[in-house]
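In order of appearance the chains are A, B and C, and numbering begins at 1 in each one.
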Amino acid sequence: MEYPSDSTHPDGDEAPDLNAPQIQEEEKTSTFAKAKALLSELWHDKPGFVGFVIIVALVLMAIFAPLIAPYDPAEQSLRARLIPPVWQERGTWEHVLGTDHLGRDILSRIIHGSRISMIVGVAVVALAGGFGITMGLIAGFFGGRIDAAIMRFVDTIIAFPGLLLALVILAVIGPSMTTVIIVLALNGWMVYARMTRGIVLSVRQMPYVEAAEMVGGRSFHVIFRHILPNMMSPLLTLGVLEFARIVLAEAALSFLGLGIQPPATSWGLDVANGKDYLFVAWWLVTIPGCAIAITVLAINLLANWARVTSDPQEREKRFATSVAAMRRRKKSSSPAIQAAE
Amino acid sequence: MTQKLLEIDNLEVHFTTRRGVVRAVRGVSLSVGKGETLGLVGESGSGKSVTSQAAMGLVHIPGEIVGGDIRWKGQSLLGPEGHPLSRRIRGREMAMIFQDAMTSLNPLFTCGQQITEVLRYHRKMNKAQAQARALELFELVGISAPLERLNQYPFEMSGGMRQRGMIAMALACEPELLIADEPTTALDVTIQAQILELLQDLQKRLDLSIIMITHDLGVVAGLCDRVAVMYGGQIVEEASADEIFSHPAHPYTMGLLRSTPRIDGKDDRMVSIAGSPPDLLQAQQGCAFASRCPSRKAECSRDVQLKEMASRQVACRFPFSGPWSRDFKERTDHIGTR
Amino acid sequence: MGRILLLRSWHGLIVIMGVTIVVFVVTRMIGDPVDIMLPLEATAEQRAAFEHQLGLDRPILVQFFDYVWSLAQFDLGDSLWQNRPALEIILERLPLTLYLCFSAIAVAVLVAVPMGVIAALKPGGIIDKITVLLSLGALSVPQFWLGLLFIMVFAVQLGWLPAGGAASFKHLILPALTLAIPTMTRLVMVVRSQMMDELNAQYVKTAEAKGMPLFRIVGLHAMRNCAVPVMTLTAWEFIRILSGYTVVVETVFAWPGLGLIALQAIERQDLVLLQAIVFVIAVIVVVFNLAVDIIYKVIDPRIKLD
């Protein structure tokens, strides 16, 4: 009742095989309906919906940055240095979020900075995800020695002090956006490999797949048909969560001076620039930091929703939780509850 | 049967789930006397386990006792006044063993630790006393090499030994009532027999009252004085064990009997009950078994109460009488062809 | 047990070897150390002399075995920046970093475990909701920014605590807290969900049926079952703090530990020192993992270390 479109409902599970063509037809027409149902479900999870809206806004902002931004983010103006945001005493409407120590408009820098976060995030997730999923699939499909070798390799890499190695690489090759992307991808592909392998193995253990393999059927075909749907939602959720992590990591590297280099703009870089003016201009550090935090929070909220929604067990738990909370609030004379506590 | 130990009176338990309110127990009344063994029989989902857990005070969110009463030696265990009493007798005067000893024992503590903890908490024994008593208990339930077993973890023991350990734990404080929730279901057949024998033996030696919860009428046969059959959250028939086996009156009881393999090999044809158990989400109209009943009539759509009938109670408008086998077969043989 | 530890040590050795190879390949083959370490205007003679000084004019395999051989003797080379053995510099700074790491982990665990347990006891309750919201929020805040905010509020505005340095216990508070908060939030989430699962376990019902009091059921029976996953995460977090987060936090608070020196080594192009730091951290991580494996076995007798 809380979730109108409920895929875990027992009635929904029993897709009758008799009229398969009909189902396919239904599928075609319902792609739009499905998206609509998903959106309406998202609407019911308010934090998740807010996160979704913020992310959409951020993506739009990143795409249309040059059109939206009031100034060139690199344009300096020594006369307009360190102007506070508009709500402060000396603030002006010309620079809504104020200016930095070189007189650059902070709002424009924030808008342009979102591009870096998005590009790095998407690139790293695509690279690390692509490589990791491929490794996981290979390990899961072939099993045996190949599996053992790959997983041992993954174990070893995971045990590396990753961030320090990243620093070494950055120090040697020199920081740039490409290096940041490569370094973060090298650091993050192992999670995907592990998860993919786990899913492949669990699908292979399903009775019908096992049976098909035993009969010598085209197991790749069978496995693939069952793996893909099983893989989609956990990997998507993982990807979204990794995206959040990478936005933070990029900001941290840029803050350390090992990421994006000026004249390009990055939120982390702006925080680093502002930290010398901590005593005189709080907004230099605070505003770009807020941009990072809001972005990551939005992604996390969406990922949280995705995780709960794609996992029936998690949904059941969540429902039980809300019932428990309701019951406790009522805390009527019911003895069973008191006994429980 | 001089004194009623446990009385359950018109108990109603609901579970709130995402799909709605499951009315798991619907007005169940039961009682157990001193030294008596009661069998509580039904399919999974019939509410037998929930009933017993309610008696132990183990029904938690999302479950809720919404009606009825549970009394221990005449005193209510529900409500603000009953709660402290329930806490006091739990594990001391009333104990429980569960189906799967593997998951029911804490995997990270030795069996010895799990028994002595009861003794030390309830009986305020010191470590040495508790250890000695635990050893005694292990011997009582027939655990081989008891001294070594005390220091073993559950995963190091066999299924039968684990279940004996569970029983020893339940008996630690010499309870008056033992609730056994499918204690043999997870075990091999030979071990099953041993455990049942042990329970029977303990019952006699310790003058124990037992509520034996099972879906297997064969388990009930040798052990129980009385049997209550549950279906769809209600008791449909209650009678002495002899009566149930020789003259089942409710069609469901009869169905259960027919679906139980007979050890003597006679009449080896087993018949299953067609259809599936009722959906406990629905408010129920009339007899819960009606949709599966071979002798259903139009009147069965009206509500039916548990009624006194000769030496038993039955919730059926058209109960059988007479010896069961032939009568039932005639009336049910057509089911298979349906 | 002994055999298994040997196996684990072997795996640890592989990890250390792997790190060594990666560092070697990255510094000698991908990048040119001479380019990095000498100023641009250096003459060809200066370059050749420098190459010879570092032994870079020898065949690459010879260089590698020489490198490994000296590592095996705990000779991590001389820092170019400070002109003294890198190991000496590291050993000077390591205690400060470990002090910071352990303080942060201690704070995180001490706050996260009770908080997670309390949240799990009443799922959906007010405390639970606040915990979940706070965690989501805290996870979204960049650590370096959190540190700067702390400085702004507690050092600049209120003047209660120093903004940087490591002179006293007062200096420890802000960096340790900054390090602890992300770890704490991840721990809280795991403790909470793990505890919720455990409290639904059948053995908890048994303990209840035995009449055990709630604090014993939660604090002993369920807690011990939570211990392994919670410890796994704690160990993982410790490693991440030691081999990454400290760089950021030590930079923010000018805490003169290994992280700060690593960043300074990068700025001064001192690859020898940087390599040495990575190697030492890798060794610490491996040893630490080995210790955690042993503790697992103590907590959970079912675990067979193979």
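Worth a mention:
Rule of thumb we're sticking to: a contact is a pair of C-beta atoms (placed from the backbone, for glycine too) under 8 Å apart; a residue touches a chain by one contact, two chains touch by 3 or more.
A quick note: this is a predicted structure, and the numbers were derived from the prediction, not measured.
The central chain of the assembly on a C-alpha centroid basis is A.
Of the two interfaces, A-B and A-C, the higher number of touching C-beta pairs belongs to A-C.
Each chain gets a centre from the mean of its Cα atoms; for chain B and chain C, those two points are 53 Å apart. Work out the mean CA point of chain A and of chain B, and you get 50 Å between them. A separation of 24 Å divides the Cα centre of chain A from that of chain C. In chain C, no position touches at least two other chains.
For chain B, the set of residues touching two or more other chains reads 58, 87. Shown for chain A are the residues in touch with two or more other chains, namely 320, 323-324. Touching chain A in their complex are the following residues of chain C: 11-12, 14-15, 18-19, 22-23, 26-27, 30-31, 36, 122-125, 128, 136-137, 139-145, 148-149, 151-152, 156, 196, 214, 239-240, 242-245, 247-248, 251-252, 262-263, 265-267, 269, 271, 274-275, 277-278, 281-282, 285-286, 289.
Chain A contributes residues 1-3, 6, 9, 315-316, 319-320, 323-324, 327, 333-340 to its touches with chain B in the complex.
Within the complex, the chain A residues that touch chain C are 155-157, 159-165, 167-173, 244, 248, 251-252, 255-258, 268, 271, 275, 278-279, 282, 285-286, 289, 292-294, 296-297, 300-301, 304, 317, 320-326, 328, 341. Considering their complex, residues 53, 56, 58, 87, 90-92, 95-96, 98, 100, 103-109, 117-118, 121-122, 153, 155, 166, 169-170, 172 of chain B touch chain C.
The residues of chain C lying in touch with chain B in their complex are 201-203, 205-213, 216, 221, 224-225, 299-302.
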